[in-house]
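Below: the structure, in structure tokens.
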Amino acid sequence: MSIESSNINVQPHDDPTRSGLTLDSICCERGDRLLIQDLSLHIADGQGVRIEGPNGSGKTTLLRVIAGLSQQYDGQVRWNGEDIRQNASSLATECLYIGHLAGVKALLTPLENLSWWLSLHIPSAKPISQEVQLQALQSVGLDRFADTPCHQLSAGQQRRIALARLYLSEHRLWVLDEPFTAIDAAGVVLLEQRIAEHLAQGGMAIVTTHQAMNIAGFTSHSLSVMSANGAIS
Amino acid sequence: MSIESSNINVQPHDDPTRSGLTLDSICCERGDRLLIQDLSLHIADGQGVRIEGPNGSGKTTLLRVIAGLSQQYDGQVRWNGEDIRQNASSLATECLYIGHLAGVKALLTPLENLSWWLSLHIPSAKPISQEVQLQALQSVGLDRFADTPCHQLSAGQQRRIALARLYLSEHRLWVLDEPFTAIDAAGVVLLEQRIAEHLAQGGMAIVTTHQAMNIAGFTSHSLSVMSANGAIS
Amino acid sequence: MSTIHRDEHAPIFAAFNALLLRDLRVYFRYRGTWLNPLVFVLMVITLFTLGIGPDPSALSNHAAGIIWVVALLGIMLSLDALFRADYDDGSLEQLLLSPQPLYLSVLAKILAHWFITGLPIVLASPLYSLMLGIPFSAVPALAVGLLFGSGILSFIGAIGAALTVSLRSGGLLIALLTLPLYVPAIIFGSQFVESAIEGWPLMPTFSMLLGLLIGAMVLSPLAIIGGLRLSQDV
Amino acid sequence: MSTIHRDEHAPIFAAFNALLLRDLRVYFRYRGTWLNPLVFVLMVITLFTLGIGPDPSALSNHAAGIIWVVALLGIMLSLDALFRADYDDGSLEQLLLSPQPLYLSVLAKILAHWFITGLPIVLASPLYSLMLGIPFSAVPALAVGLLFGSGILSFIGAIGAALTVSLRSGGLLIALLTLPLYVPAIIFGSQFVESAIEGWPLMPTFSMLLGLLIGAMVLSPLAIIGGLRLSQDV
Amino acid sequence: MASWQWFHRLGSPKWLSGTIDRWLPWVLSAGTLLLIISVVWGLAFTPPDYKQGNSFRIIYIHVPTAVVALAAYYVMAIAGAVSIIWRMKVADMALRAIAPVGAALTFLALITGAIWGKPTWGAYWIWQDARLTSMLILFFLYLGIMALHDAYQDSASGNRAAAIMSLVGTVNIPIIYKSVDWWSSLHQPASLKFTEESTIATEMLQPLLLAIPGAYLFFIAAVMLQLRVQIARSEKNTQWMAERSGL
């Protein structure tokens, strides 16, 4: 079992201090299987990368390494030239991660959920007002449900609460693992717009999705399992 | 707040004993909102219905009513002409439901998960052999992971365990809520084939999905929220 | 218990067996998990003796009562997980939708739970008697009492677990719901052991315990099934 | 605590407050949840009196120890949920990724947990003294002891909760890990109450309790953070 | 730099494996020899105690095991600290190796103590005794750390969790030592004193003074044996291990 890996936007070794995210020969092993072998890539301002691969090819594993959640990897992840193992906090302030799990408390309302998340992740001196938060909820179509406990919402609606963070985020790097899960077609279009907007403003994004996606400025990078067995045979 | 509903394959009142699934003026209210109003439809052998609608329009609610999980509705759900409230077991033996939650034990292996499910849901006198179960797992690309604890599998792989049931099912009616969630593109194609096969063999299917789906023999039925606000605005 | 056994003519028991086996597997998957309730009981007894301080007679005088209360707590502690895990991962839906009789499925789950909580606690009876200075002649009675008692506690506790499975309010609500129901079992159970220690006749309390167990076994699944069905409509 | 308060110059405490508020809201969302640990304690004490039987003096002699052990159990029972809910719904990931100091976040979560478990147990001290025949003059000491003790127990228990959050092996492993660590708190706690009942000097045990609390507060978050980070790599 | 060389070498499983191979026979035989001598001396050539008769002879097993069981916890906690600070593989292996040995020694001390308790105190076990109870707690600590190890499927996480737990558990060590002073206890306070005159008769003391180092050596040998298993398990895919087993 081994993994093919192609370098796009390569030359990661050129200038170690350059701005943006640099992956330098990342290797990941899980359960005795080598999932990611010697992956290097660089993402600069305004760039988006879509990580592709069949189920079980290691996309989530890679994204968790990049976000700093997982420590079990070889190689380096550098943010603005600095190894995130040495300086985790510089990435933490500038990175937004939304994973398979939404990070939404079922007992709280969408507004409450947004509010605790903001206090943890957007620690600006000027607090974000409730109106602004309501606007973000409106952007994901949840304004009418702002005060409904989340466990009463549908699967897609719950996922939208997590995505409302994108409308308030000032983070430079977005790491989104399957953001379109459970979202309806109209919602996907609007999300794509939001991501494109983020890139246009000089942001960066790493996204995985199994659905079709069209956003300008995105390049693809595929993690493909060599003995292509991940697909339904 | 009210719901539009269009009748396809109508005339549910004609012949109450006819075979297949009949919904007769189903109304569902949840949290003071009328979600489904006066929905009637009939599904006969070899027919598939796709329930469409934006997030939060009531698709899951409807599917849970049909499967017999939810009791809170007005109207009648009839299976072969019999109200399922009167005779739940006749539907139970012939209906396969896969919901948003996969019903997969994280600590068990795919094979073990398949095996307990089979004993509960396919109570044939002749037990289903391990080889046959392995074949089903192979159909969803999990044969190499048959003995790996599920919590070590990726999101898509875990979902595939639930879908492996489709390859062993002898149920006439399939009720599938977002079966393609987390499944990669190749997997979706194969699942579509499997569903088409099921219909070709005279089975019935009710499916929801936000992704494009093309399976012959499917009609669509949309639950659309009147004040179209469910979409990301 | 090591391989799935299916009787050709009894798919109903095949389902019962499969569920029992499944739950036992889940419990045993991590080595040592099944020992936890027992270790818990031994530890609480240790702590009690620490908290109560230097008065050896106080302990042995009330040994029967202490063992019963602690065993109850150990079983109850683990009851929260009985249905909640199934609820959270969706396998409860599959259980409820199965054409197999729910009554048997519920019995299988409770039995599996008892195997890993009640049974080790029963088997450790000689240990308690050593720790708390109960005469060895009373050990059989202690074990039999705990055997019945732990069964009763499992059934009653399962009612609480079923009724609270969809409420995200934590395991303590179960305690609140079921402790009052435990009272008869506790009273007769510790009386039984006391009778054995003191050499009083055993039959009256024994038959009470047996009656309680049979009653709980027959009736509690009905309440449990109701609670589980309810959980799907929240 | 009713509205989010953000100090213009202290976003760090804004995060602390937000997390504290969030957890309290979750705990209070279902009416009665916060009463559960207290009711549990009262019930177990009631059961003990039932199990131990008609011997009032036996209980009051060991009242301090009994209260301490039972309070510990009530707190420990509820500790399983401290981080597990966050782990299951992904908000633990968000917590760990926040640029805010984790130390404070962990403190906020423990404090919130203590508010709904430890505090009610402390406030109910007069009730216990009534139930177990402790002289009223000892109630302040009982309350102060429980105040410190419940804090210590919360911090130590949180270590066990953090180290086991990713293991699906049930809450009893927490007990196995943390009960040995509870021992000093139990010993000094019940000694403190006993000293109060008997009229012995309070300062020596008081300062030990204070020291334990401060030690636990300062050191345990380090172990907790280690455990939580670990949970993401399983 | 040179002074740190030993430290870096210590971090290499290969070096450690070689060292174990070289030292194990010596340590094991020296430990066994000392134990045999002291036990035979203690059992056969020491006069019976004027109060306890012959039952006191169990001291030659009880005291060494008890002393080493406590010391083992320190060593384990130090290994835990090294593992957390320097992320040294060998420290993880050491922690894993010491836990079961320490648990076994603690268990032995408990059993021999209990057996000794029957003739001297009239009961196998006295709950209210601080020394006894705190020793039981030490036993639980060892068990908890072992259970935590086992509970993690992923060995790297399991190692780290166990390291954290072993450090946390050190808070109990002073309690175990001080318990005799804090509680009323039937158990002997420390009677082996280096500063003052020892309270044990010299004839009884001499074999004991041999047995304690013997037990230490025996402990080290047992840990080395365990370490060998750990190294073989975690280094099974490395080249040097393949060469080694090929030889």
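Assorted remarks:
In this document, chain identifiers A, B, C, D and E correspond to the written order of the chains, with residue numbering beginning at 1 in each.
Basically, a contact is a pair of C-beta atoms (placed from the backbone, for glycine too) under 8 Å apart; a residue touches a chain by one contact, two chains touch by 3 or more.
Note that the structure is predicted; figures quoted are calculated from it, not measured.
Chains touching both chain B and chain D: A, C.
Minimum number of contact steps separating chain A from chain B: 1. Between chain B and chain C, the least number of touching-chain steps is 1. Ranking every chain by how far its Cα centroid lies from the centroid of chain D, the top place goes to B. Remark: among chain pairs A-D and D-E, A-D carries the greater number of C-beta contacts. Ranked by separation of Cα centres from chain A, the top chain is E. Averaging C-alpha coordinates per chain places the centre of chain C 38 Å away from that of chain E. Distance between chain centres (mean CA atoms), chain A to chain E: 49 Å.
Distance between chain D and chain E, defined via averaged C-alpha coordinates, is recorded as 33 Å. Looking at chain C, one finds that residues 30, 32-33, 39, 43, 50, 53, 55, 85, 88, 168 touch two or more other chains. For chain A, the set of residues touching two or more other chains reads 72, 100, 106-107.
Within chain E, contacts with two or more other chains are made by residues 133, 137, 140, 143, 147, 151, 153, 156, 183. Looking at the complex, you find that chain E touches chain D at residues 84, 133-134, 137-138, 140-141, 143-144, 147-148, 151-154, 156-157, 160-161, 164-165, 167-169, 171-172, 175, 182-183. Across the complex, chain C meets chain E through its residues 30-33, 39, 43, 46, 49-50, 53-56, 59, 130-131, 133. Across the interface of their complex, chain E is touched by residues 159, 163-164, 166-167, 169, 173, 176-177, 179-181, 183-184, 187, 215, 220, 223, 226-227, 230, 233-234 of chain D. Every residue of chain D that touches chain A in the complex is listed here, in rising order: 4, 6, 8-9, 11-12, 14-15, 17-19, 21-22, 25-26, 29-30, 85, 88-91, 93-100, 105, 229, 232-233. Chain contact summary for the complex, chain D toward chain C: residues 30, 32-33, 36-37, 39-40, 43-44, 47-48, 50-53, 55, 58, 61-62, 64-66, 68-69, 72-74, 77-78, 80-81, 85, 88, 167-173, 175-176, 179-180, 182-183, 186-187, 190, 194.
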